[in-house]
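Heads up, there are several structures right after this.
Consider the two complexes below, in which subunit A is the common component and subunit B and subunit C are the respective partners.
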Partner chain A sequence: MSIVAAKPLEAGVPAERILAQLAERFAAVRDGRDRWGLTVTVARERLRDCLQWLRDEPSLHCDTLLDVAGVDYLAFPGHRGPRFAVVYLLKSTRFRHRLAVKVEVDEDDCALPSVHDLWKIADWAERETWDQYGIVFRGHPNLKRLLNHHEFSGHPLRKDYPCQKRQKLSVNDPMVDQLEARLRQRGYEVVERGEVSAGDPLTFREKSP
Partner chain B sequence: MTFKPVPAAVPEVSLGDAFVTTRADAVVNWARRNSLWPFPFGTACCAIEFMGTVSSMFDLSRFGAELVRFSPRQADLLLIAGTVTYKQAPILRRIYDQMLEPKWVIAAGACATSGGFYDCYCTVPGIDEIIPVDIYIAGCPPRPEAFIEAVYQLQQKIGTESVAARKAVGA
Partner chain C sequence: MKVRNAQGQTIEVLPLNLGPSHPATHGTLRAFVALDGETILASACEMGYLHRGFEKMIEQGTYQQVLPFTDRLNYCSAMMNNIGFCKAVERMFGVELPERCVTVRVVLCELSRIIDHLVCVCANLVDLGALTNFWYFFNVREEVYRIWEKLCGARLTNTVTRIGGMYRDAYPGFAEDVRAVLPSLERAVGEVRGLVERNRIFVDRTKGICPVSAELAVSYGWTGPCLRASGVDRDLRKDEPYYGYESYDFDTVIGTAGDTYDRIMIRVYEIVESVRIVRQALDRLKPGPINTSDARLHLPARDQVYHDMEALINNFKVVYEGVRAPAGECYDATEAANGELGFWIVSDGGTNPYRIKVRPPCFTQWAAFSEMVEGSMIADAMGTLGSINIIAGELDR
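Showing the complex of A and B:
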């Protein structure tokens, strides 16, 4: 076995330069509340273009979407403006920089354009944000709950969700639809299918060639 | 060895050591309480403590509950060790339903008895919301001695049960 040395990382891009470019192109402003890293706020209309540009611009190369996180400012001290925000955490594996892009979301129009086609991981990250905060991602192909049960009602990370409301659930949530699709794609077929919602397993077999 | 037919109308005292007179409850409960087959429903840290309890250092088998089964159909003691979420609750309920009567439940640790420190939307605040519980063990996690004490207490409880009463409720 030979050991291949990793390619040395290229030098980072100064924050001022990123900020200046984002301000010029997308009217993005720095969020002063972020005292440790670099967070910029953009308008919802410019969000997709901004994220796509950050990904494709060779001098920035933000090729990884680390997370999509919701924020509920309902009880945040001194907060003015829309109730929700969504933060996209980006990282460049080439330049090593990290960048957070924040977009404010109104309670009455709780929706954002989906970016599942820019980063594959956005598919699940947006589903989680929808599940926990009730923020809709328009254009998402399969916007259903990711963490909570399908019988669950409400969005539990909203600050006004009553956390002691006990929601009893009647069936097991099998969550096998995506697994099944993936296994089929890889050449497996279902041999036996019990009552899935009751917790019976699916049995797969490799298709004979 | 040959068995001689017992002549009718012989007083019990004259039968020697061949007979023991007792109550049905006593003999059935004696058998039941000393051969508990636990099914560990281990979901979190408390389950590690259960592993200690059944392994050689603490050795739960000294008290007649060593045969850990991983099929609910072969077990009569459901031992919940760990945090149970509402999403898991239907699974727990189904496992309980799959166990045959007679069956008993021990809720081990703060999480299983009360939800522990999880004051949140997803944790069941005590599994007795989902299934009946016979014995609760305090602790986060409880020490193996506490597990053994719980099994001992359960054995005491089984000793007071009545076969007829169980039969009457269809169990």
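Showing the complex of A and C:
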């Protein structure tokens, strides 16, 4: 371990140049609401290619997926177009540029291709977005809720989910399926499942009228 | 449960829940592991036990009303979350802060980073059985908390920052109080280093344990001390300096092995670097206005409100309606104690934030936990958990 003067980041590629390249390759356009640097919108069909190119292109080297953020535009004043959007926030460990890639998602066809194989963090980030917005990530190996309880119904960050709504949730997720999947991934074959108790269901005392 | 390994041997496996309620998990986290003796064959993690619906709640109020909630993200260094959020909103407005405000924020940021690292390191050492360090660090942490008390009355969740400035100016004698704490901090760091740095038991328990390569750390989106432990020298204070960090003289601490030892010791050394920054910031602390004069953000002075019609209206507007961030979408981040704390803000031009996505640094670290501990011993998993500093408040939001 060492205490050093940090190696400074290399100068980033200007937003206009990134935009021009993305426009040429993936027909990306600058997002109309961009107020911070560069947010581009790409079509769903080009999303995976676009993200992979941003990661692998040596002159951009956007190797860090910071976050995946969903947005529901249902209540946005004057909004036209698809109801949802998902934003992928990227940065580089080599260059001083950042950008956000936005993809619009229709309510009727609420699905996106998964990028869990491009970045390991995408696995959980996509699970969170599914949990909060109900956007399906096709090809995700384990698209389960992340923040909310597995018995929870609905997607709380949708604008039409009532803030005060309450739900009864009782039994813990035993997670045996996840553990077995993980064992198989690591080269073990499960020959006997055995008994795993999830504990007793919580008992609720009903309020007397 | 029985499994067969690649060699065809059948192993009796014990499935065991680590957590969610266990002193060593430092919060409600659950790792479900398959054990072969004391070795973890596979692990699956769960989170959400402290999920309060932070992002839903803050859509219901004004921008100012978000501030007390941000305290509850990383409650070990509440002020840094405040400052990070205010900075993101201020970026949407494009306001410049007065110099005094920026310098006070730097002092508070670095002191918060120090107490966050103190808690992380000493609690981690307790997990490894080294209790003495806990007292050394908590004594000096208490001295910092006394300053917090004097500054704003609160200790843990001190909502001291405001959009466009601070709740109030630092009290007279603030700089002297902070200056008086710094030697105790350095002494405590020296004492703990003396106890653990080359301690045979500590080194055996942490060196080479659960190492994370730079590629893996980047793929998991790690930032902050844990990423630097893996040898990637990225620090937002150096890379994309804000609040004049580029003008402070401090160094980055970088690990080589990315193991538990590096993740712990990096924090210990970073405390010393933060002390250096605090000293320089205190030297620069000059009297002056603490709040921006931008009428969209801040209340006018009292005597103006009583004598000036526009100031009175301004006062009413800011109090009753709140601030109106310009419509648009913006991401901004600060280097918090755990890594990059980011806010993706969507504004529709109204007084309530339309959508705020928090990017908590320890989310990425908890996501990697399973992969880190698989193949290691169960006792090492607990030491590793402490070293990635999972704070359930910001993890589960």
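Following the convention adopted for this analysis, the second predicted complex is superposed on the first by the 165 of 209 C-alpha atoms of A that agree within 3 Å, B and C clash if a C-alpha of one lies under 4 Å from a C-alpha of the other, contacts with A are read in each partner's own complex, and residues count from 1 in each chain.
Note that in this section a residue touches a chain if its C-beta (ideal position, glycine included) is under 8 Å from a C-beta of that chain, and two chains touch if they have at least 3 such contacts.
Keep in mind that this is a model prediction, so the values were computed, not measured.
Novice: Quick one: classify A:149 as touching subunit B (first), subunit C (second), both or neither.
Specialist: A:149 contacts both subunit B and subunit C.
Novice: May I ask you to decide whether A:100 touches subunit B, subunit C, both, or neither, giving the answer as first, second, both or neither?
Specialist: So A:100 only meets subunit C here.
Novice: Now for A:165: first (subunit B), second (subunit C), both, or neither, which partner does it touch?
Specialist: Touch status of A:165: first partner only.
Novice: Go through the superposed model and pick first if A:15 touches only subunit B, second if only subunit C, both, or neither.
Specialist: Neither subunit B nor subunit C is touched by A:15.
Novice: Using the superposition described at the top, determine whether subunit B or subunit C touches more residues of subunit A.
Specialist: C
Novice: Going by the contact rule set out at the top, does A:190 touch subunit B (first), subunit C (second), both, or neither?
Specialist: In the superposition, A:190 touches subunit C alone.
Novice: State whether A:72 touches subunit B only (first), subunit C only (second), both chains, or neither.
Specialist: In the superposition, A:72 contacts subunit C only.
Novice: After superposition on the shared chain, which partner residues are touched by A:111: those of subunit B (first), subunit C (second), both, or neither?
Specialist: neither
Novice: Pick one for A:27: touches subunit B only (first), subunit C only (second), both, or neither.
Specialist: Neither partner.
Novice: Looking at A:173, would you say it contacts subunit B, subunit C, both, or neither? Reply first, second, both or neither.
Specialist: Once the two structures are laid over each other on A, A:173 reaches both partners.
Novice: Taking the stated contact definition, name every residue in subunit A that is touched by subunit B in one complex and by subunit C in the other, in rising order.
Specialist: 148-149, 156, 161, 163, 173
Novice: Would you tell me which residues of subunit C are touching subunit A in their complex?
Specialist: 1-6, 10-11, 13, 15, 30, 32-34, 41-44, 46-48, 51, 53, 55-57, 59-60, 91-92, 216, 218-221, 223, 229, 232-235, 238-240, 251-256, 261-262, 265-266, 269, 273, 326-333, 340, 342, 344, 346, 348-350, 354-355, 357, 359, 363-364, 367-368, 370-371, 374, 396-397
Novice: Using the touch definition up top, name the residues of subunit B that touch subunit A in the complex.
Specialist: Residue list for subunit B touching subunit A: 86-87, 89-91, 94, 119-122, 124-125, 129-130.
Novice: Which positions of subunit A touch subunit C when the two form their complex?
Specialist: Going through subunit A, the ones touching subunit C are 1-9, 31, 33-37, 39, 63-67, 69-72, 75-77, 87, 89, 93, 96, 98, 100, 119-121, 123-124, 132, 145-149, 156-157, 161, 163, 173, 175-176, 178-179, 181-183, 185-194, 196.
Novice: Inside the complex, what are the residues of subunit A that reach subunit B?
Specialist: Residues 148-149, 152, 156, 161, 163-173, 198-199.
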